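Going by the order they are written in, the chains are A, B, C and D; count residues from 1 in each one.
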Amino acid sequence: MIDVLLFVLGSSLMVLSAVLSLIGAVGFLRFRNFFLRLHSATVGSIGGGVYGLVGLALLTLSLDVPGYLKYYIFGVAIVSAALVVFASPTGSHILSRAAYRSGEAAPRPLIRDKLKEAGLE
Amino acid sequence: MTPVIILLLSAFSAVMALIATIKIVYERDVLKAIIISGVESLFYSIILASFLAPDLLIAYIAVGLGLNSAILLYALRGGERYEE
Amino acid sequence: MIAEALFYLIVFAVGVTIGVSIYGIIVRPHIVKKLVLLTILTDAANVMAVLFGYYLRAISPPVYPGGSLEDFAFPSSAQLREFSSISVDPIPQVLIVTAIVIGLAELIFLSLVAYNIGVNYKTLMINKLEVEEE
Amino acid sequence: MVDPSLLNYVLPVVLGVYGLAYSIYSIVVLRGPTVPDMVLALDVMTVDLIIIYLLIALYYESPMLAIGAIPLASWILLLDFVVAKYLLEVRKK
């Protein structure tokens, strides 16, 4: 009984995560600025990656396959999800800080720059 | 028999790797060329995964994605960035 | 039918990539771009060697499956022959594992040479390098 | 225990949608106007590629193909760090 529940939960998480990944990809095409594209990158990496990895782990745990295949893929998916949760926001933060300070990507529709007023540029 | 959808994905990866190589040859900014070479290693790693080479995949990911880009950026730090 | 057509498309694309990267190494003047195209040439040659050892009927990597002791640890000759009919050829993969590491060492040496050229001569373009006459 | 043949209804749909997202990200990486855009799209593309590896390993039912996901997940941070350091150092010079 619990296996059917795990299978349904895992497959619905995977379909939700695939749709979120597609939404993030379309957002990369439609936004016009680097600092706006950071939002769709968050949707694509956390919503499209971590939810899918957790769903894949739950789905694999409920199958009727040999144990070394099942637990191997379960462990790899959980460890990868933990690494992505740690690494992806850190990388985005480092990259946006460097892009602002080096003037590589300027925030184009800019009304008031409080970082420059505070002398933190 | 190999499933058709995996062959379709790897054929797309091979064609995109060809397009990326042509773009690298005619790109003036060398920093962009280094980043596109990182993408190219991602395309080749999906070909290796779908053609059943797991031991090669581990060595190629550790070398091709991370270390090559870091070493080439260290070499670029000595001179100019744009190519005339 | 469609699987064979896709396989030949992949072989053709990787072969054209090798040709384009050799053209780029000869033509472009920047040293770091020459190094980038050299790594692409190495990778494409490795993938081409993997494609040579692949069969379309294969469904298993060339690793004999482990598991329970009495079934898999001491396989008989018939079991090994049956396994080799569904797996790919392991010889090109064994050769390429050494080729990747040798390529990394070669790239480290060449990039150190390029860094020292850029620091001493203030440029990385080959057509602007000038040796001072004594 | 659930019958593994039920996977034939789930896996092609999920793999097709992830492949579509992967192709859109690769177009963004090749076209993107500035350098940080390309690096950001490369990060998200790496996260998608981890799931595609695990789905391929589940297709072939071979656990050896799944081990490539862990080095790929731990190298996400490196390219961001190196490119950011290069940009800040060139500005200071």
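Following the convention adopted for this analysis, a residue touches a chain if its C-beta (ideal position, glycine included) is under 8 Å from a C-beta of that chain, and two chains touch if they have at least 3 such contacts.
Predicted model only: the values in this text are computed from it and were never measured.
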| item | value |
| --- | --- |
| Neighbouring chains shared between subunit B and subunit D, ordered by label | C |
| Centroid-based (C-alpha) most distant chain relative to subunit C | A |
| Contact-richer chain pair [C-D vs A-D] | A-D |
| Geometric centre distance via CA averages, subunit D-subunit C, whole Å | 20 |
| Chain centre separation (subunit A, subunit C; CA means) in Å | 30 |
| Separation of subunit A from subunit D, taking each centre as the mean of its C-alpha atoms, in whole Å | 10 |
| Shared-contact residues (touching 2 or more other chains) in subunit C | 59-61, 63 |
| Interface hub residues of subunit D, defined as touching at least two other chains | 35, 39, 60, 62, 64-65, 67, 83, 90 |
| Residues of subunit B whose C-beta touches two or more other chains | 8, 52, 54-55, 76-77 |
| Contacting residues of subunit A [partner subunit D, same complex] | 3-4, 7, 11, 14-15, 17-19, 21-22, 24-26, 28-29, 34, 37-38, 41, 44-45, 48-49, 52-53, 56, 59-60, 62-65, 68-69, 72-73, 76-77, 79-80, 83-84, 87-88, 90-92, 94-99, 101-105 |
| Footprint of subunit C on subunit B - complex, ascending | 1-2, 4, 7-8, 10-11, 14-15, 17-18, 21-22, 24-25, 30, 33-34, 37, 40-41, 44, 47-48, 51-56, 59-60, 63-64, 67-68, 71-72, 74-80, 83-84 |
| Residue ranges of subunit B touching subunit D (in the complex, touch as defined) | 3, 5-6, 8-9, 12, 16, 19-20, 23, 29, 31-32, 35-36, 38-39, 42-43, 45-46, 49-50, 52, 54-55, 57-58, 61-62, 65-66, 69-70, 73, 76-77, 81 |
| Residues on subunit D engaged by subunit B in the complex (per definition of touch) | 12, 15-16, 19, 22-23, 26, 29-30, 35, 38-39, 42, 45-46, 49, 52-53, 56, 59-60, 62, 64-65, 67-68, 71-72, 75, 78-79, 82-83, 86, 89-90 |
| Touching residues on subunit D, where the partner in the complex is subunit C | 60, 62, 64-65 |
